[in-house]
Amino acid sequence: MGLKEYLNDIMEAVVTTVKGMRITAAYGVDPKEEVTLQYPEERWEVPERFRGFLHNDIKVCTSCTMCVKVCPVDCISLEAVRGADKKMVLAFYDINIGRCMYCGLCVEACPVKSLKHTGGYERASVDRGELILHFVHEDAAEIKARVARQVAEAAAKAAEAQAASRAAEAPAAAKSPEAPPADPKAAKGEHRE
Amino acid sequence: MTGMTARGEALRTQEMTINMGPQHPSTHGVLRVILTTDGEVVTRAVPDVGYLHRGLEKIGERVTYAQFMPFTDRLDYLAAMNCNCAWAWAVEKLAKIEVPERAEFLRVIVAELNRISSHLIAFGSFTADMGAFTPFLYAIRERERVNDLFEMICGNRLTYNYARIGGVSGDAPPGFLEKTKEFLDYFEPKIDEYNNLISYNKIFVHRLANVAVIPAEEAVAYGMTGPNLRGSGVPFDLRRDEPYSVYPKFDFKVCVGTGERGKLGDCFDRYMVRINEMRESVKIVRQALAQIPEGPVMAKVPRVFKPPAGETYFRSECPRGETGIYVVSDGSANPFRLKIRTGSFVTMNIFEKVTKGLMIADIVAVIGSFDIILPEIDR
Amino acid sequence: MNGPSDFIFYAAAALTVGSAILVATLPNIIYAAVALLFAFAGVAGLYVFLSADFLAATQVLVYVGGILVLILFAVFLSNRLADVKISNPGHFHLPAAAVCLVLFGVLSYTAVSTPFAVKTAVYLPTTADIGEMLMTRYLLPFEVASVLLLAALIGAALLSRPERGTPEKADMEEGRG
Amino acid sequence: MEALARSLVNFVPVLGGVPLWTITLLVMVASAAVVLVFALTFEGVGSLVLRKVAGDIQARIGPNRVGPNGMLQFLADGVKLVLKEDIIPARADRLLFRLAPYFVFVGSFAAFVVVPFGVGLIAADLNIGIYYVMAVTSLVVVGILLAGWSSNNKWALLGGMRAAAQIVSYEIPVGMALIPAVLVAGSLSLQAIVKSQGGLFGIFGWNLFHDPFAFFSFLLYFTAAQAETNQTPFDLPEAESELVSGYNVEYSGIRFGLFFLAEFGDMFIVAALATACFLGGWNVPFVSVAALPPVWGNLLSLGVFLGKAFTMVLIMMWVRWTLPRLRVDQLMRMSWKYMVPLTFVNLLGVSLWLLLFHGKGIPQMIASLFG
């Protein structure tokens, strides 16, 4: 290493260091450059497409189970029973947001657009149970029992009406068939996750 | 170090085996390197991978083609867009789906933006590894703006899940393209600032120049791809050499290492390739923004998507090298077999060879210059 | 001299002697080195008592900052981490004790029989005098000593340098240039 | 000390019956306590300022939760460090593990004793001032080495080795770079060195402007001293990205706190020595503090000294947040191939200058031109 190179080395080190320090100093004295968001006090505006927690509008939901099928991590579970008017009634609809990876496939799959991403993202918890969102607030067993009762009632009514019409038609006919047992019939239209 | 005693026999000090990782700040995740050192000089560095193995390929065989999309986010979480698009392109190639041009443009835009943000992390964490913490935060600051853009277009900041088989999940929202342009205008001068701040800093150059030199033949022989291969001076870029999507429409340069501060193929070259590639990506995005056509963003794909039986291999240029997706279909809704080739994993093969005789601090530099990411290695 | 000074003097002396004994007897060489540190510190304290502050600082600088660090360095480099429990074994206790006794006798006799000129300590800066002495009266010994040290330095550098052309060296050059 | 005690006895007659040595001892303890309190306060506030400066430079805010604008963050940190569980690794050498932080802290703190804070504000005006600083700070090496070894952790050991090699190597350029100031003043005492820079309005008398060699000496000293005290970009012993945290990796709680305080203490010592030796120390520009009433003179000079020293500390922080870290061999090369020869050449230059111009610096010569 010649002396010239040696001195050049030192020169270069000093020059590049000064260059770098000028940049850091420029940031240091310019408070406008601060980009930190003071989170709990300041919040950023959640964009329209933000994929936050899922929300299911159970009034619109048809319990078609598309979301359950499309979910890659099986975080949605639902159970529905066929109600008296042949429509599905949700017994429960749970989303485990501890498992959800917010991919949004379920929202895209939802045919009636009842499932949506909200802008929510704050739900720290020390209990995993709290991370399961329940969208049907009643007890599942109660709903099932109620629906079964309604179905049975409807069936009985239908049978009665049928019997009445039949009786009017053919009074001599054999006695009307018994109302079918409520439970197995309801179970037929039941979807389980 | 060997010295000679008075009787002329070699005097050897003891070697020390050190366990670097899986919890070590500079292994970029959960890489474990078993170092055998002689003082500070590393005589052997054996990488031990697999701490992050999640069986992504097997998962891919158990879920449908569409359902695998969010898992590709986890393949390389710093370049999730690129992985999303790679998967979409692979399946489209398998099922021969025509994708609307606007969707392809959007894919290229987000993929290149993601390349910028991924290289920013590579640059930032590399400088942090070298002891300069400030550039890391500058890089993060710029990356946040890219994330803002991504959040706008797909709703998430890390796991984007934006591409779909046959298109993308949503058209660019109003204002997105303008904001992207704004970001490019903001970002481009920053690259010069990085160069002034650190790239050509004497200490930084000295830390990187001539460290872990990989000659071109060797890089090719080991199957390295991406910036690491280009750092050795091999001008190979899938976007140019095996063009896919709408890349042929863009004019960009393939950045290669020049050996400007040391031997060709050293850590500094690999580092500079990334810095220069950010510029090229900016160029591509600018052209894409200028050329993007109107139209739909989603092709007609049946809801229950079953590609015809067959197999395909699709490779795309991801920030960490070639991501190759080999997918075999048996005509059902799930892939029959899925194999993913990732740049980081292949790069790791040469690690033991190039780290021989380096110092412990250089190991950190080599890991940083390879810009490995562990989910890609372990999958 | 009144009470506290005497007390401090005896404390420093006890520190020096006690640590020195520990250096010789402790089985663990690292502990012995730490004891040596205290012995050096005690000696430095004694120098302060002799109004030789420059010497005291030199004692700390050279022996603690230099010699002791080198000793520790050598121990760390040449021993396995776990292998220091009995790294300072004692041998030949009896002859050593005999030699020590004889030496102690001689030194005590000297100390007792020499008529030390006791005078009140005057606190004066010694640095300038030392410098002057080294540059004038003791210039030759000073320079001879430095030549000796230089020779030792060159020798050490020569010994520790890896031979040219060994594969290790080639490896390192290839790696870092 | 004894003189101070004597004047105290004269001043307060009640103390007449107490033996002089008791009062001397009390005065010593009191001044030590004052210096210790100052050191601890500086170290606490310094850590806060370091983080604030980092925040400013890195386009973020820094600590801002405890107290107004985060001003009390250092108290929270201190409380945390004191209250945290003190963990000693199972296979560590318990005795040395406990001992090591004290060596480091004592080595760093003892240097505060000779810092000339003001006209009369110095805990002990030793006539070997600079030399004493060099000597006691060598205790730090031993402490760091022992900390690295006793942790029974290979990263810590490597850190300790690096620290020892580094500090021993850089002691030479640091000493050599300080000697020009000693030569100009003709004394090792820091007070005398400061006084020697008092002429010419208290600013043109600075050694910094004495001659070009002295100016380079300052730069060399500042660089080498940062290396000696393990400041970035020479913080290899605790390089967090390579050695995780180096020699103090296994320490927690207050023992870690001692290392931490010592680091900031070193920072101040470097700045204070630079100030005293090259930047005129407590000399107030355009004001003769020695002529003022003692209280005001002391206060003014204290303020000026601290202002200069803190500016130096800020510059160190600025450097710290800008530069990357060197590699071990580069660090050694820098010491032996660059710093040591340069400081020697510099020393030769200063000596020749003093010889040729009879100890006069450039400002003095200019001043003598005007009469």
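Letters are used for the chains, namely A, B, C and D, taken in the order the chains are written, and counting of residues starts over at 1 for each.
Heads up, the rule we're going with is that a contact is a pair of C-beta atoms (placed from the backbone, for glycine too) under 8 Å apart; a residue touches a chain by one contact, two chains touch by 3 or more.
All values derive from a computational prediction rather than experimental measurement.
Please name the chain that ends up farthest from chain C once chain centres are defined by their CA atoms averaged.
Taking each chain's C-alpha mean as its centre, the farthest from chain C is A.
Of the pairs A-D and C-D, which shows more C-beta pairs in contact?
So, comparing the two chain pairs, more contacts are at C-D.
Using CA atom averages as chain centres, what separation in Å is found between chain B and chain C?
Going by mean C-alpha positions, chain B sits 57 Å from chain C.
Which integer distance in Å separates the CA centroid of chain A from that of chain D?
60
When the C-alpha atoms of chain C and chain D are each averaged to a single point, how far apart are the two points in Å?
Between these chains, centre-to-centre, one finds 26 Å.
Rounded to a whole Å, what is the gap between the Cα centroids of chain A and chain C?
Between these chains, centre-to-centre, one finds 75 Å.
Find every residue in chain C that makes contact with two or more other chains and list them.
Each of 77, 176 in chain C touches at least two other chains.
Residues of chain D touching 2+ other chains?
57-60, 154, 161, 321-323, 329
Would you give the residues of chain B that are in contact with at least 2 other chains, written as numbers and ranges?
Where chain B meets two or more other chains at a single residue, that happens at 39, 134, 141, 197-198, 201, 203, 359, 362.
Name, in rising order, each residue of chain B that touches chain D in their complex.
For this pair, the touching residues of chain B are 16, 18, 24-26, 39-40, 127-134, 137-138, 141, 197-198, 201, 203-204, 206-207, 359-362, 364.
Using the touch definition up top, name the residues of chain A that touch chain D in the complex.
9-10, 17, 20-21, 23-25, 27-29, 31, 33-36, 38
Within their complex, state which residues of chain D touch chain B.
The touching residues are 54, 57-60, 154-155, 158, 161-162, 232-233, 235-236, 239-244, 321-330.
What part of chain C is in contact with chain D in the complex they form?
For this pair, the touching residues of chain C are 2-5, 30-31, 34, 37, 53-54, 57-58, 60-61, 64-66, 68-70, 72-73, 76-77, 81-82, 125, 127, 176.
Under the definition above, what is the set of chain D residues touching chain A in their complex?
53, 55-61, 64, 318-319, 321-323, 338, 342
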